[in-house]
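Below are two complexes that have chain A in common, paired first with chain B and then with chain C.
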Partner chain A sequence: MSPNMSLQSKPASQRASTPWDAWRDWVRSHSEMLLGYSFVAPALLVVGAVMVYPILFNLNIATRKWDWSTPFDAPKPFVGMANFADLIASDRFVNSLKVSLLLVLFALLVEYILGLGLALILNRQFRGRRIFRTIFILPMVLAPIIVGIQWRYLLSGNFGIINYVMFQLGVDPPAFLSDPKYGLPILVLVDSWMYVPFVSLILLAGLQQIPQEVQEAAEVDGAGSLARFWNITLPLLGSSTAIVLLLRGTEIFRTFDVVYVLTGGGPGRSTEVLGILLYRIAFGEGNFGMAAALAVIISILGMVIGGLFLRFIRTETRLF
Partner chain B sequence: MTATTRTSQANPVLAALGLVIRNAGFYLLLCTIAFIDLFPFIWILLSSFKTQLEIFRWPPTFFPENFVWDNYADALALLPAGQQPVSDIPYGLTNSVVISLISTVLILVLGALAGYAFGRLRFPGRRVLLISLMMLRMLPGIVLSVPLFILATRVNLFDTRAVLVITYTAFNLPFAVWLLSVFFQEIPRELEDAALVDGCTRASVLPRIYLPLSLPALATIAILSFLATWNEFLFAVTLTSSKTAKTTPVALASMQAAFQTRWAVMTAGAVLASVPVLLLLFFAQRYIVRGLTFGAVKG
Partner chain C sequence: MPKKDFKLNRREMLKLMGAGATGAALNSAAPFIRPQFNIVKSQSNVLRILSHSSPQTEVYRRAGEAFEALTGTRIEITECPFNELQPKMMTELLAGTGKYDVIPITNAMLYAATNYLENLEDMYTDELMADLPPAAVEHCRGLEGELKAVPTLSSLPANFYRTDLLEEAGMEPPTTWEEFVEVARACTLDASSSHPKIWGALIEGSAKAVQPAVKLVGWFYQAGGGIVGPDNMPTIDLDENVEALQFIVDLIHTHKVAPPETAEMIYEDVHNMFIQGRGATAINWQYMVGMANDPEQSLVVDKFAAAPVPEGVAKGVNIDHWVMVIPSDSANKDAAREYINLALSDEHQLDMFRTEGLCARMSVMDPENPEVYEINPFIGAWVEEMKWATPQPKWKNLNEAWLRLSFAMNSAVTQSSSPADALERAQEEIMALMED
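This part shows the complex of A and B:
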């Protein structure tokens, strides 16, 4: 099979005289192709086993009654689309869908506005650039689990520093982690804390690609700073905006870790995003069939959200 | 030399003062943001040196009253022989180191091979395969948690380090393959041609020509892969159940499940788990930034 099995070539007259020779010639003339396949094979094998096959297997699970009431080795009865129907009809699916979409919407809004503001401020030369960048990246590279622990600790009602500071300022602190009203805002807060610097990093790179001459020309023509921002900066940031909204939108939609430690989906179901709902159905209640159906729905929604961003915000990137 | 130097020579104090005032607002804002970014971790760090009693005290103390190392000793289970360790953190740290390092090496090796093939070799189907890989990159992990759990159980890999290594390798490969294929394409073809004339084979130009020229890209992939696997939680919590394979994030999260959270030990564990992350952030920040913004900025 190896392309350089035999390096001694035979006279042309003898070539392809036997099937073996024909095979060897074929291998030699297709060596680039064979090398290509053998180089991509290990990666494709791993990805195929861990991602592609499980996707197909998941479709199989989704159409079966597969839960802890049936023995592990017993065949699981085929139920068609029943899992999907039951799931879509359930209140908690509707609730989770709403929570996830609201989280995407509000977190994106906050992160984009604050990120753009920060990018505009940072778009200049200044001393200490490196050290500030290091600090700004910290929230993003810390483990999400640790971020969740941090904020749970800060927001604690019994000994949390935020409550204490609010007391000192004469404000009666709300029960951040036990009042359903604050569930979603806290997720928005923590996600923004983690990713505003990332958004500003991408937008800053976009800002630096805007030619200075364009801005100067507009200034000469009498455009005020607000008009320049609105008519030049924002439109020219179009592709950076598209990328950042796409990356963050799909990431926020799949939030899991931070919610798991910070609120666990509560209080009530106020932070039960789709990922947490799937986890609860699968590993809390053991209903793998329904969880698999939810996985299919999440994938489709994820693709729709990604597609919407791409459609609404025109972009000429080579990326996607 | 320039106007600024001359004014500062004329009246250096006044010039410096003017510069300070002009920049004060700017730096004040930067410092405020930096404080917001840093404070949660600093608070955890300070708390990790407090006793459990002091952590629960009201009003809270800022600096530890009695600076104690006990929490770290507890978290690392440096206890008298025969006693049960306080938490699973020591096992978590060991498992995390092993799993993250092996995964990172596998991602680099498999990623370089496939990246070279996609970037430089011609074979039918390479475009379709590369695009499929890129689409898989967008797949949320939670979607595969159920089938992976069932499959892992079936092949007796549930609750092993191996299952996490394989899973992490697969999930980080698409990015590595893509980044390296783009990077390899930018290396001049003439270098490869010259090497081929000099007697290199198509297989040996990869280690001899491409890899030595791609050290920054390889470093970026290694660092991002290590961070991703070190911090990963979803598969770690669904595919492991005991201390034989659970990683640090799972060990930390499971401490919270107890009816009273042992904050003192947990904060120490959180700090220990962040040490490699902080080291990479300080010494390899360049690569992290490049990796995180790669593609987003490139387009």
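This part shows the complex of A and C:
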């Protein structure tokens, strides 16, 4: 019998009467729990230092007026929710929110459709499949900044190879990076170019989990390939779809680097996503209070989007 | 022994919530709990400079080598892209890291940083004061008028033009807006098998950088407008300014003498296109002289010249300056002063002139000096412009104001909004910036 068990089984009348004894008893009776907490304490401390403190600090700053004229260690006046109110009332915020949401919508749609198509192709046996698979995941391993620069040079009106080829083919090349109507489509194009391989790899893993017998049984029952895709493949890809939606949805919503390098938010404000707006408020205007408020809003909206996707996942797949 | 369930009971939950509340309380006291930064106090034998990546920085590096030879103090230069210079500088100054001893910045970046900079009044001898253009001295004054910087380089845009193309078209270099349009029309050539399309006018219109706005303001002055009223408040949406912006929009969309890609162009695109022979005229800074005369990178060597920017109803150009500042938290202020003095010497100002096409001290840029003439044969254009160049306003957040103006210009040239609407919006935004 362990000492713990003997302590736990002590009758109430015999329990220690002084506070110290009571404390010792409590520690002994909870020793397993305390041991557990002591194991996770270092990790919690690290998380607290690198995650929780900045979040709390950001919340604090969001309620204060702080700009470049105020040194870091000087008192910053408390302004309550004024930063949030000013931000939400501004046209720039509304525009950026719209751009970010449209980007999430269209980029997800394009990436899912193309990713699924590629996954279906890769799920078949064909000559050179391995080489093809290696080549097509290359965009995924490039840093977003490099991708942004690369596409900026490809699409440049004056020096871009795409415009040059179109010109040589006798087509009047559009000003891709100068015309606001191309702003969002270009972001969708570049984001898709980068992440379709990622999406297709996840969906490919999902496809390979679908039991072949189910497909064969449906085929024996006379189901055509479209019917099998619609009624078997797609529903059974639910969990993979869920992961794609959740990961890519939240990632696209908080995108910054590619946009910063490729368009800088322009032409006009056609690609000024929330991340770009935050950067400009913080490091262009030096308005850290408002930038912190925007960071809070982006986090909340990100959680809402993630939550909506999770809800969709629960409904569609009963996974969680 | 049965495994214990690790569910938290109400009491434990309360304890955790208490811990959370304590954390929140500590956070609300964050302004009083000052995080300790890794303060880098410069060693006496190292002087640290923060600069943007450009040929100008190489001038500072060469001055640094000379400084080390003279004093034994080594110079360490940290480079960053131009667009990151102000955020990086302000972040360092705000946090009081004391990491940098000298920072070359544009005058537009000076005003946001004024409170964190050393007063450099003592560096201005009578001789230096007399040798600097008045605008340069004005640009070194902080918001309260105190001298917080020392200029190293004046920058003004001029009108570069292709002498061969103008000669072929039988045109003279344009001096007015009307002539500018005529020349640009006559020299805009469609692409053929022998050459790519040549545009009559190369100008900037990108929203991503401050430079298009700095040049746009010159067009405002030429139209009889301006950007600052007597009370130092912005006057961005004046009718004359709208007219100037409309003129630029017309160059692209009506006269079709400037490329539609103007909306994505900054000064680098202008110089690239000009030295590749794809522009008959180009409004750009003086540094382009050396670049266009370099046979290794230019197709227009000896085929171009530069003249003052054309005038509308008035002459006008927006001058700006590169200036050197010393952060108040620098531990090497004396050495920093010595270094700046050295950078202002004849030798290093001439190096600046050779590298950038201009410098700050007028005596070094004497057009009568054969060496100066050899480096920049068109120096007369800039000396002429300096007579009527307008200094920039002293706005706390001038750099961001330029960005808002670049954005307005971009909106107009992409026809996202009319020039009047774009400038009206810029006026509102810049007013709001000043109120912050």
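Criterion: the second predicted complex is superposed on the first by the 258 of 320 C-alpha atoms of A that agree within 3 Å, B and C clash if a C-alpha of one lies under 4 Å from a C-alpha of the other, contacts with A are read in each partner's own complex, and residues count from 1 in each chain.
As a convention for this text, contacts are C-beta pairs under 8 Å (C-beta built on N, C-alpha and C of every residue); 3 or more make two chains touch, one makes a residue touch a chain.
For clarity, every value in this text was computed on a predicted model and none was experimentally measured.
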Superposition-derived comparison: chain B or chain C, residues of chain A touched: B
Partner chain in contact with A:D67 - chain B first, chain C second, else both or neither: second
Which superposed partner A:V199 touches (first chain B, second chain C, both, neither): neither
Contacts of A:W151 with chain B and chain C, given as first, second, both or neither: first
Touching partner for A:I161 - first (chain B), second (chain C), both, neither: first
First (chain B), second (chain C), both or neither touched by A:F256: first
Which of chain B and chain C A:D179 touches, first, second, both or neither: second
Partner chain(s) touched by A:F283 [first = chain B, second = chain C, both, neither]: both
Touched partner set for A:F57, first chain B, second chain C, both or neither: both
First (chain B), second (chain C), both or neither touched by A:L44: first
Common interface positions of chain A, toward chain B and toward chain C: 4, 32-33, 36, 52-53, 57, 72, 158-159, 282-283
Partner chain B, residues of chain A touching it in the complex: 4, 31-33, 35-37, 39-40, 42-44, 46-47, 49-55, 57-58, 61, 72, 118, 121, 126, 128, 130, 132-147, 149-154, 158-159, 161, 164, 193, 197-198, 201-202, 205-206, 239-240, 243-244, 247, 250, 253-254, 256-257, 260-261, 274-275, 278-279, 282-283, 288, 291-292, 295-296, 298-299, 302-303, 306, 315-320
Interface residues, chain A side, partner chain C - complex: 2, 4-5, 32-33, 36, 48, 52-53, 56-57, 59-60, 64, 67-76, 156-159, 167, 175, 177-180, 263-270, 280, 282-287
Residue ranges of chain B touching chain A (in the complex, touch as defined): 23, 26-27, 29-30, 33-34, 36-38, 40-41, 43-44, 47, 55-60, 106, 110-111, 113-114, 116-118, 121-124, 126, 129, 133-134, 136, 138-151, 153, 166-167, 169-171, 173-174, 177, 201-203, 227, 230-231, 233-234, 237-238, 248-249, 252-253, 256, 263, 266-267, 270, 273-274, 277-278, 280-282, 285, 288-289, 292-293, 295-299
Parts of chain C lying in touch with chain A, wherever the complex brings them together: 1, 4, 6, 23-24, 27-28, 30-31, 34, 37, 86-87, 90-91, 94-96, 112-113, 115-116, 191, 205-208, 259-265, 269, 272-273, 278, 396-397, 399-400, 403, 407, 410-411, 413-414, 416-417, 433, 436
